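Chain nomenclature is as follows: A, B, C and D, assigned in order of appearance, with residue numbering initiated at 1 for each chain independently.
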């Protein structure tokens, strides 16, 4: 965990209500794909947690959806502006459990953290398949970026305007075999995936947070192994420990 | 009264803790010297009232002192940034009463509104004398600007580091004869001047304001002619109607 | 976008929309008429009026706070006779609707006297009886913090006038439901809340309270969550209409207040920062309703109870 | 700049400075030890602890508000036994000072049991007894809103332990002075206030309260003026030390609280937004004192009373 000032180098719309922001700053505290950062936005009290899409030494890439006043203001920030960010939050995905044929499944703004994850797994020589799900083609993003990494990509849209018509679970048969999976997305998607998958895997959860670093107990959940804080012992939980509410 | 968006064209320090800001925007509602504007500053709830130093069609000049968080933020605003401003507030000075030899007396940030007043009076062919008072030379400003208008200027500093040592009242004898006066500054200065002057004149008062346009009754005062709102029937009161508290 | 209906019915009178500028932030209306045509408003609640003229508290009366402000004006007003002889005729020139007459007092007789006089005015559509102003020593505070005196004032005013009486409640109480029920039992046609929360700032240079009055009333967005909670509690406690207020500054805030049980919504401090606030909120209602699938604004009143 | 003294004495123990992270915003300390050496603190108040382990409320437990936040955590904690067997030993590795033990309960016996156990711990310097948590149904709320039950709990805890007992008060009351006096009469060594103001937000998409618990506690800069007023009122009402809190987020806020009568000042929500908040406030105290001509911070305690 580290607090640092980042400089925005790029902030652009990449799909309907979806923005990509690149920043320069100290990323040393980010150690695993699937971790998140907590961004201070002018005029708002609480920071906004955003999953890390990509990070390299000194470089941070975030993808976020404009859902309310906070993310709207974020989308209006200009290159050159500074942002106060807490980095290296949460446990992130455990890549050691991936096996040789991991499947990555993301829905909407659950897709971004899978990018860094795919990058790491592919660099380890794994054969990576990715399923991304969106409401409609206009909201889809990162298909070619995943392909550029060398992943096999399957896109599902609820209205059928791109790729397979339906939810990410409807793309499972097209994706074929996999030995393990990693997922990120809205809870209903994660729940459907939990039921539809036969192998073990890891799920990344969202919750409203106070601090993002374990102090306020605002984002607790029950698991097989006891109470966990989504921001600290999460956001990634193993399939076997999940207790759906 | 008018609400308008102004663009900052210049924002520079002109003395210790004193800044001059030039803005471009609709100044039509400003009809008299001594009026003020009310500036919305990001992150703060209430607007900040600032007296008009100068205004010409489309151009507004403000001088303000950094006294707290609000004016500090104002001082950090950059050219090109926009500011939401209510203009044309307050009664302003009545120049019709000036006579031929008016004396203008300002203390600290009470000096700025006298600039536009001097400009108007001089354009009407009046012989204008100006006394400005500051704590120390490093806080003094606008001496040469008043002279460039054609006014006779007397500077007083409390520590004697520039001009006459003492308060503005100590400069009265040096300034010599005058037929009427206009004053703006902190209340103790106004009170001292009230006692030290023999002629009639007008005083511009300061008060903490809620709205700045007469709605909240936050800045009321008692006068000989009844209760008045500093923001609406003021900030300028004639000597004869003042009831000191 | 489907046609949006924003009209509500407040104690028998139809309002074009639920947005009502709150007393003490809108003067007697005509200052705002210089900024826009105030007939776009459903109505507005005029400056708190007392039996006798009042200067109010000494200055400073205003202090800034995070996302809000403190005021300790102390009910400055010209007194009910001048309000009737001067302010209302002046208002008639720029406002053709019924106005809400806000009344304060320091004893039962004051309230009855002032309410009776104002109820006789054709322009007055509702009486809003402030039993909660926190600024006046020995004043309204006591009525609004006890169920018994809230009942007593309500009953006395109701016995004296036939126009709808809305009792404006103080939030500085342990149990707002109890006070709301007392007003209902006293015959109130409606209640409005919240008045300001009692607060304070200290001037570190003088090491004294910043306001001349010592304490003042907190308003602005800062208090919105407290206001919303109290409206929700009060709306659950009574059957009469509830007028919600406290930190409302957007069309979305209006909808939240209505979901919490408000039939109409007053907007206060926002008017002081942005004179166009109420006009802009009214104009923003249809888009905000569309966003949340609301066609008739009446359907969300109390939806979250 | 003259040397500045920031030390204060809280119920017999000297604190290097008056800044105390508030319960519920600082966990059991060690999360913050990853950010800075928490020994710079005078002390801190740890997460509210109960007799039995608690999960607390369902999520969402957190909502954003203007200049503040709502929380309805519902006293999640591992229970007093685990706090003593696991949390305190872990804390010992990064904090060498006495800690303030925050205790909640649902009946007198709960309070007594938990306080007794914690008072036996060498690391515990003070007991802060929360009689005001607004989140738990049938819970702490009732004790803090009645002078009689505030007295009862204070008396019971004082009879059971010899370490200093500070009663943490609820602001959701009509008369804070009355409650403060009841605690003093019950033997309290100090009082701390304010706990959170009861508030609410509504999720317009679902037209339901946003928090799973319905209502939640408001904290953050928004409540600072209300907190300051209540500290001022309470400090006027009692002679025992008052610990001020509620929206404090700067060194200047600390000084305002102290002028209003606080001997020490807790910092809450600010820690959640900026983990370095307390360290930075402490570091900022000397400059802020210089600005207002204060050399010994003790001299301003109650200056504005």
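Keep in mind that, in the parts below, a residue touches a chain if its C-beta (ideal position, glycine included) is under 8 Å from a C-beta of that chain, and two chains touch if they have at least 3 such contacts.
Keep in mind the model is a prediction, meaning the values are calculated, not measured.
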item	value
From chain D, the most remote chain by mean C-alpha position	B
Averaged-CA centre spacing for the pair chain B and chain A, given as whole angstrom	56
Chain B-chain D separation of Cα centroids, rounded to whole Å	46
Gap in Å, rounded to a whole number, between the CA centres of chain D and chain A	36
Residues of chain B touching at least two other chains	none
Shared interface positions of chain D, touching two or more other chains	63, 65-68, 220-221
Topology of the chain contact graph, where touching chains are joined (line, ring, star, complete, other)	ring
Every chain pair in contact, whichever chains are involved	A-B, A-D, B-C, C-D
Interface residues, chain B side, partner chain A - complex	42-43
Interface residues, chain D side, partner chain A - complex	24-27, 31-32, 34-35, 47, 55-56, 58-69, 71, 73, 76, 220-221, 269, 271-276
Complex contacts: residues of chain A adjacent to chain D	1, 3, 40, 44-47, 70, 86, 207-211, 213-222, 227, 232, 245
Complex interface listing, chain C residues touching chain D	63, 65-68, 70, 145, 172-175, 197-202, 204-205, 207-209, 215, 218, 220-226, 228-229, 232, 247, 252, 255-256, 259-260, 291-292, 300, 303-304
